[in-house]
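We call the chains A, B and C, going by the order they appear; numbering starts again at 1 in every chain.
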Amino acid sequence: MINMTFSAEVAAARASGQAIVALESTIITHGMPYPQNVEVAAQVEDDIRAAGAVPATMAVIDGVLHIGLEADQLQALGQAKNVAKISRADMPACIATGGTGATTVAATMIAARLAGISVFATGGIGGVHKGAETSFDISADLMELAQTPVTVVAAGAKAILDIPKTLEVLETQGVPVIAYGQDSIPAFWSATSDLAAPLRMDSAAEIARAHATRQAMELPGGQLIANPIPAGDQIAAEDLAPVLAQAQSEADAQGVAGKAVTPFLLQRIFELTEGRSLTANIALVRNNARLAAEIAKELVNLKQ
Amino acid sequence: MINMTFSAEVAAARASGQAIVALESTIITHGMPYPQNVEVAAQVEDDIRAAGAVPATMAVIDGVLHIGLEADQLQALGQAKNVAKISRADMPACIATGGTGATTVAATMIAARLAGISVFATGGIGGVHKGAETSFDISADLMELAQTPVTVVAAGAKAILDIPKTLEVLETQGVPVIAYGQDSIPAFWSATSDLAAPLRMDSAAEIARAHATRQAMELPGGQLIANPIPAGDQIAAEDLAPVLAQAQSEADAQGVAGKAVTPFLLQRIFELTEGRSLTANIALVRNNARLAAEIAKELVNLKQ
Amino acid sequence: MINMTFSAEVAAARASGQAIVALESTIITHGMPYPQNVEVAAQVEDDIRAAGAVPATMAVIDGVLHIGLEADQLQALGQAKNVAKISRADMPACIATGGTGATTVAATMIAARLAGISVFATGGIGGVHKGAETSFDISADLMELAQTPVTVVAAGAKAILDIPKTLEVLETQGVPVIAYGQDSIPAFWSATSDLAAPLRMDSAAEIARAHATRQAMELPGGQLIANPIPAGDQIAAEDLAPVLAQAQSEADAQGVAGKAVTPFLLQRIFELTEGRSLTANIALVRNNARLAAEIAKELVNLKQ
C-alpha cells in the first residue's frame, strides 16, 4: 500500500463508521484565488459537517496521499504555487516522486476508493470537449466513472463541454447518469437543459440503494448524480447561451487551443456574467456537498 | 448479492451441470407485437432444448433478476406495456427501485455472468451507429463484450449500423470476432458481406476451446460469434442494400434523430421487404440458439 | 492455466529472482527480412544480457505460449512464413487452435503479465491512425496499456500515426506517458517533437518507483516510457517531415487503405531515406532494451 494519511476527523469517522464525503482539491488550487479558495473549501466542508457527515478533501502533499486535510494543510495548499493538477495518469508518478498535486475528479475517485469512501461531491465533471470529433480531447473522468465504484454528485458536466457527446460516452461506458429530482440533465450554472436525463431519482435513499446494488452485482464503476443548482442561484440557460457562444467565438478568433481553452472560457464567462458564474459555482458545490452527505448517510444505514 | 431467482428448469440444470444458454428479453418487449413475440421466444427456447441445452431468458421483474422465465412469466412480459430496455448503466437502478426491464445484449451478458452462464444467443448486437463520427453514438454492447466473459452468438451487428466502424471498435477493445464457417462477416439479414472476418472457426468445439483459453489467460472479455443466417432464409446483400439506403434517406429527409432512428429504420425495412426482414430475423435467432446450445454443451464437456 | 513454457534462461532467472525484460516478436516476423530479423533480435537480447537482465522474447508456437525463445526457436520463427500477428483479440484463439503467432505490443504485455514480467522493450507502440476521426482505426495497444500492469519502453508511438490524438487517447484512458530525460515526446525516428510530454523522468529508479506505486494503488494499467532515439542515430524531425508527407500522399494517391497503409508507408519511408529508417529503427530498439533492463533491475531492487 502507498503512503496514505488520514485527517484526525476522517480517522475518527472511519473508526466509528460515520458517513464520509470525499472532496477534490483542484477547486482550491485552480478554481479560485486565495483566500477565497480556502474560505469556500472550508465552507463546503462545514456544509458536510452540518449535514451530519465528515468531509475528506483529497490531495497529494510531498508524496503522501492525504484523505482529509487539517485546517493548516488546507491553508498551505490554498497558497501554494504551481501545484500539479493530477488525474489517473499522473497520480502514481506524483506520489512516487514525492510531489504535491491537487486531485481532479478522476484522482479524487481513486483516492476515495483506496480509503473506502463511496460518495464524492464536486462542481462539475470533465467530459467530451467541444471539437472532440477531431481533437479526441475527452476527460479521463469519464473512464474513471466507468471503473471506480464511487457515486459522484455534480451539477452535470461543465457547461463549456459538449454535453450531448458526454452523455453518449457515459452511456457507451455503462455509467448511470441520474438526474436528482427532475427529468432533464442540469447544465452546471443552469438548473435545467433540453436534454432528457437517462435516469431520475428523487431521494438520497434511492441513490444509495442503486449504489449498493451496483456493488452487489460486481459492476466496477460508479454513478453520476446530476444535481441541479438551486433555482435561486442559477444562471438560466437562455441567459447563459449567448455568454457561452461569445466566449467560445473569442477563443476561436484568438486561436486559443488545447489545455488553454478551459481556463480562457471560464475567465471570459466570469467577466461576461460580472462574477455571477463564480457565485453560482460556489452555490452548486455547496448544494452538491449537502446531497452527497445525505447519500453517504443512507449508505451507512444500508450497511447496518 | 442481489435478489436473483432461477426458473425451475435452470435451477435443475445448474444442479446437474447441464449446458445452459442465456437469452435476452428486449426481443420480446421491443422486437415484435404480442402474441408473436411470445411464440417466437418460446420457439427459440424449444430450439435450445431440442439441441440438448436449457434456455435462460433474462429479465428484471419487480426488481428481481430472473435467470430463466416460467411460461406464465414469459406471457406476462410479452403483454406488459412500457417495459424499460435496460443496459449496463440502468440495470442496477432498475433492480434497486423494484422496476421491470427487458435485457439488452449488455444486460443479458451481465446477468449471465452473475449466474455463471457462459454462452448467450441473440439476433444481432448493437454497435457503432451511422454518423457516430459526429454523434458519438456507440452501443454499450461493445464495451460489455470487452469486459464480460460470455460468448455471444449473433448474426453480426445489426445491419443498420456502421459495420466497418463496429469492427474497428471491437478490434481496439480486444474482442474476438469469429465468423462461423465462412471467411466474411455476416451482415444480419444477409449471410455474407464484403468484409473479411478477423477470425474464422468451423466447429462449436473450437469456439468452446477459445472461450476456455480466454478464461485461462484471465482476459476479462467475451467473444462475438458471427453466425450467418441460413442461406434459405437470408435477404441477399445486393437486395438489402437499396432497402437500407431508402430507409436511411427517408429518416434523414424526415429529420428522424437520436433514439428514434433505429425503430424507424426497422419499421421501414419491414415494410419495404414486405415482412421478409422479420421472417429472416426469426430464422437467424433460432439458428443462433442452436449454435449456442452446441457451444454450451462443448464447454460442459471441456470442464469434465 | 494455459500451456506456457519458459526458455532455460528465463526459467533460471525466475528461480533466482533476476531482472527479466519482455520482447515482442512481430519485429522478427513482420519487421525485417531473414536473416537480418534474427540477427537484430539476437543483438537486442544480448544488449539486455549485457545490461544485467534476461530477455524473454514472446511468441505462440504450435499453440504453446513461449516466454523466451531458445536460439533454434528464434531461427525457426525468423524463417517461418505466414505467421499471424496476434493481439488481444486473437491471442487466445491462436493458442486454442494450436496456431503460431508473433506477439504485438498488446499480446506481449499479456504474455508478460501471465509470466510475472513487469518491463517490456519495443520499438514503437501502435496508436491512433491518421484519419481515425472517420475510420475509427485505433490500435488495441492503447487499451492494453490502460489495463495491463507492464511498463513499456518505446521510442514513442510509430511516427506514421496521429501522435497528438494518440496522446489524447492515452490521457483519457489514464495511461502515464513519461518522456525519458527530456521535455518533449520523442517521435520514433526523431529524438524530439514539438509536443510536450505529459510527464518526464530522468532515471530508471524513478520509473521503477512509479511502476511500483501504480501497483500499490491497485491501478490496473501500465506505463509508457517514451525513450528518445540516441541523437547520433536519429533522423531529425525536419528531415523526416517531408518524407512522411510524401509517403502519405503517395498512399492517398494510390488508394492504399486499411491494413495495407502501414506496410506501404514503412516501405516508402525506407526507400525515401535510403535505408536510414531501418538503421534508426534498430538503434532505437537496442536503446529501449538497455533502458528496460535498467528499469527491470531497479524493480528487483525495490522488491528486496
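Methods note: a residue touches a chain if its C-beta (ideal position, glycine included) is under 8 Å from a C-beta of that chain, and two chains touch if they have at least 3 such contacts.
Just so it is clear, the model here is predicted, and its values are computed rather than measured.
Taken chain by chain, the contacts link every pair, so each chain touches all the others. Chain copies subunit A and subunit B are related through a rotation whose angle, from the C-alpha fit, is 120° to the nearest 5. Between subunit A and subunit C, the centres computed from C-alpha atoms are 36 Å apart.
The set of subunit B residues touching two or more other chains comprises 133. Residue ranges of subunit A in contact with subunit C, taken from their complex: 1-2, 87-93, 95-97, 106, 110, 114, 133-140, 142-144.
Against subunit B, in their complex, subunit A makes its touches with residues 128, 132-133, 146, 164-165, 168-178, 198-199, 201, 206, 209-210, 212-214, 216-219.
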